[in-house]
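Both complexes shown next keep chain A, but they swap its partner, so chain B is in the first and chain C is in the second.
This part shows the complex of A and B:
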């Protein structure tokens, strides 16, 4: 059976998401759709100063108010979705793909290769994530590829550790031994025997790592080292408009709500996944 | 409690592993900082510097010598407490660091004192009465705090306590500290923000560790035997969950030294993390190296300590 046919879809595996999980999924899908169709639904060009007032209140004309230069906040949040979701998604896919592949190889090869790689990545994991990001970005300058690679490098060791622990368990099971006895190659054992059996927990782990990456990315942007002006992700929107905090401006509140809604709903979704997906190895 | 000799040998072994790791880490830190783009001598002299002046400064600073030799002399100085001179303002790194380190440790200490007891009690209680309203409330609160960026927790604290209620100053420093009351006020905001962030992780991990032990057959046996819920959790499950809990606490606390950069920035608190970020932008290698070593040492020390607690609390690890 090909890999695509084995992907865990609810109908095929015979379970359903509970109500909280569905709510989380709905919010995630909402932001995903916004990220894709953003430019067509933004009411104003996100870089144009359209309001004469700065930190304008919510109104018929500007649904979520305007920012410190009189730009429309709704349009800027819609465009910010692309940066936040896009960068975080690219980084998390890189981190998890790298971590899972290395983890499976380490589990199957074992021996000194496994020990060496594990110790090295453990030591790397000891560096505080945000600090590592700050140092790299301060040293080589901030651009979107640098951000994606830095974030991916930060979260690869954790993903490796998780996938390796799962793969070590699967590797000792009878069907893997049988496949090996059958004379199947390295690629077959990793891709066809082990991967399908760790995919569920790995996808749940990917979701959690996505949340961490969104938070670190927002933190970097909040410190002025993430996405650079005139573009802005949600963290940068909070930074730009932080002066409006004491005025109670919607310009600083809504980007924060956007971040929180995305991260909380991913967490809710992962927390309420049926145990059949989360702990298939057990 | 009498511990056998093997226990102490194992503890010694952990310490030895920590020291070897530290050596490897110092090697990595030294050469990683060497890889930072930009030449120190050129940055120090500015754009108008002649090539001769740059070469002269490089010789004077010892940058011409082989990297491995500089590493060894740096390491030798480190063991004697000599952290070298800052490239940028010609001060001893030890002097620059000591004040900042004291600030960081003071903040970390206060947060630890506030957080650890509260977090452990809440985590254990949530696990003990799993599924109750307390458990649900704690779960919802911790998941919200974990899901939200730190700067949001910090700005929310400013908004509530400084802007709306007007109880506390928004910045922690630059305020005159004359009495204990002033000091409490100055530290209150960073401590509140950090406590929320750190204890949320601790509560979640403690709860998970205790629940995992509650699910084992021997704890079920205790329940069947007629032990009360409190006795079952505190007397039977908790001793076995001590190792994972210590690990969770160590991980959360290690965050307090290097991970607090956002809180330091929002509240203008002069700690080590902020010093290091400033040092990176000026390519002040000795300062960066010393800061990085401080973070790695604190992380290793906490993890090793947690390892030892696990070792001493669980005889099965001592075979």
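This part shows the complex of A and C:
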């Protein structure tokens, strides 16, 4: 049979992206590669003051100008990629995975377990995000794992609510009843019957949450609770160079462009996921 | 009749699919409707009957477009009109009675406000006059308490009443043409009769022309003067009702008629006393919070029956009679709170979680809607492979081979296994649904209205398949349906259910003659027959009807 000889490319498996989705994916991959190879391609050490001028313009020597202390912006953006992409990605995956798993469990188990978990997470969600971050960082100090866990904890309740609402609907469908009548265990019902049918909206939610986390991370960094100097994530780069705006310095523009390019392309990618993942009702 | 009221010439309607391909839905249809005549459009789903009916109002569903042809209603050329002119015509010249009245009424507004809306939109008459006219229509449609029913909300009247109210809504603007889009399909048979009677008397009095869209020949036989048989957007046959029913010319029409009257089931000669595969004794089940061992809403009360191996049991009754609850209680999805279940002589635990894997394997349940019963995220192969792995521990090549065998058993090609459920037709999905139950190699299959959502021809094929499988695999079916002719076609015995109780058990072949309980007689007598005079000749005791209708 000729079918067996063909390579299983995404397009042949029915998972082809449209052009906009590919553009989004390309930008995400670009930043992911930068995050990995950053230390080798940065022209200057990110913490060193290499320019004699502050808020220097774009030049042959400093491609994207220099910051308020005369540090090279290009190097700082490249190094910041690690923090921004890494922390936000880890946090959003933790938050969504936890929220979705708990949400599905609550939807399937129902009863008092559902009520208890939902009310507890609602109460938790009532604490303002930045305040919660402040308290945690003040209590245990700022380090990257603490930041990731704090951000994940902030966004888990929302993700839980969203996934639970979707899972409750799928749980009442006949095919889930059939699986239950067959005698299937909990794991199969959650993993095989429910998860594939809520995956599309859950991934869209993940994209949105990723953007929020990037923004909250910048907020924490501005308060001095995020990534510690001399390192900086993109949000911190914008904040520390904000005075350069009136001087027309490129130092503030480029980190902003970096944030925008990442957040927009994440959403482009999520919104243009292959139809097979995104919308199964068609 | 000098000039027809409606004339449609060479109508072509097309749509663009999501992949940008153009498909033709209606391929050059022409017909006329004389004033005062009721024309029926008959065909299976996808035949274009609703699309044609809607086009008479100049309306097409989103994505569809009238490509060519002319539609004339009265003196107006619908196809040449602007959207604004068409809107002015709707409700006064042509009006529409939808399939689901429940979805057509706004639940937040009183019925009267919605019925007289057309007179307000078109500024036909002042409000008090419109209300008086509506009350007249309510009376003509034999609605109870016509003077005050308008002040109720839609959820405060029954389904049959709501359907008649939606007819009142359509008739208030004195249209020349009324389009009925499967108005009785969602109703119970006893309710269907009231609604059909009401429609017929109003249409006769008002001398209005009508278009009646339906897939049910027997219903159409009662109300239509002329029938058009459609398939895939092409007229197959057109003729007076009598001729279509008694002397069909086209093979497709004959196929439809044959499907309507399936071959009655011939029970196998009984070889001695057989052991019962399923015994149900004093079963009680219900929903809601359980207090003192009894749930808040009791549905099933004291249901007892026995089903012998290799034989089939039909369960009939109207919506809300507890038929599906019975299947769910037997399958253990809804644990019974009292009573005994014996599968092959062995006691079954009421709850799923207390039953062994083998007990679960031996009784399989098949649901009505294959759309929701198949996981849209899994391929057909994955759907069928799961019970094989789960019950029989199969894997790899043996399992793939068995999946193909199963598909073959339900007469589907093996290549279908790579597809997703959304890529199959309704009949194919129902076959896969059945194949999944067969994969477990059960002794008993609980069929919950499995043919109700299918077209007559497709449903007849599924019934034939069930019979064949029974011969090959020595299965027993419990067949739940509201459609008596289906039950007659496959079952040996029939239970008649009313409000959670079994009122009578009858042999299926002699259902109409042997029934003694008044409700069974009412139910069996309400099934429309393929005879134009059936509705007129039907005599029902109104007191009896009211008693069992529960209002």
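Criterion: the second predicted complex is superposed on the first by the 234 of 282 C-alpha atoms of A that agree within 3 Å, B and C clash if a C-alpha of one lies under 4 Å from a C-alpha of the other, contacts with A are read in each partner's own complex, and residues count from 1 in each chain.
The rule is short, and it goes like this: contacts are C-beta pairs under 8 Å (C-beta built on N, C-alpha and C of every residue); 3 or more make two chains touch, one makes a residue touch a chain.
No experiment lies behind these values; they were computed from the predicted model shown.
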item	value
Which of chain B and chain C A:177 touches, first, second, both or neither	second
Which of chain B and chain C A:192 touches, first, second, both or neither	second
First (chain B), second (chain C), both or neither touched by A:211	first
Chain C versus chain B, contacts on chain A by residue	B
First (chain B), second (chain C), both or neither touched by A:203	neither
Partner chain in contact with A:264 - chain B first, chain C second, else both or neither	first
Touch list for chain B against partner chain A, complex	21, 24-25, 28, 36-38, 143-144, 146-152, 155, 158-159, 163, 254-255, 257-259, 261-262, 265, 273, 276-277, 280-281, 288, 292, 295-296, 299-300, 303
Residues on chain A engaged by chain C in the complex (per definition of touch)	173-175, 177-184, 192-193, 196-197, 199, 280-282
Residues of chain A touching chain B in the complex	123, 126-131, 134-135, 138-140, 211, 215, 218-219, 222-223, 235, 238, 242, 245-246, 252, 256, 259-260, 263-264, 266-268, 271
Residue ranges of chain C in contact with chain A within the complex	18, 331-333, 352, 355, 357, 360, 364-365, 367, 369, 372-378, 386-387, 390-391, 420, 422, 436, 440
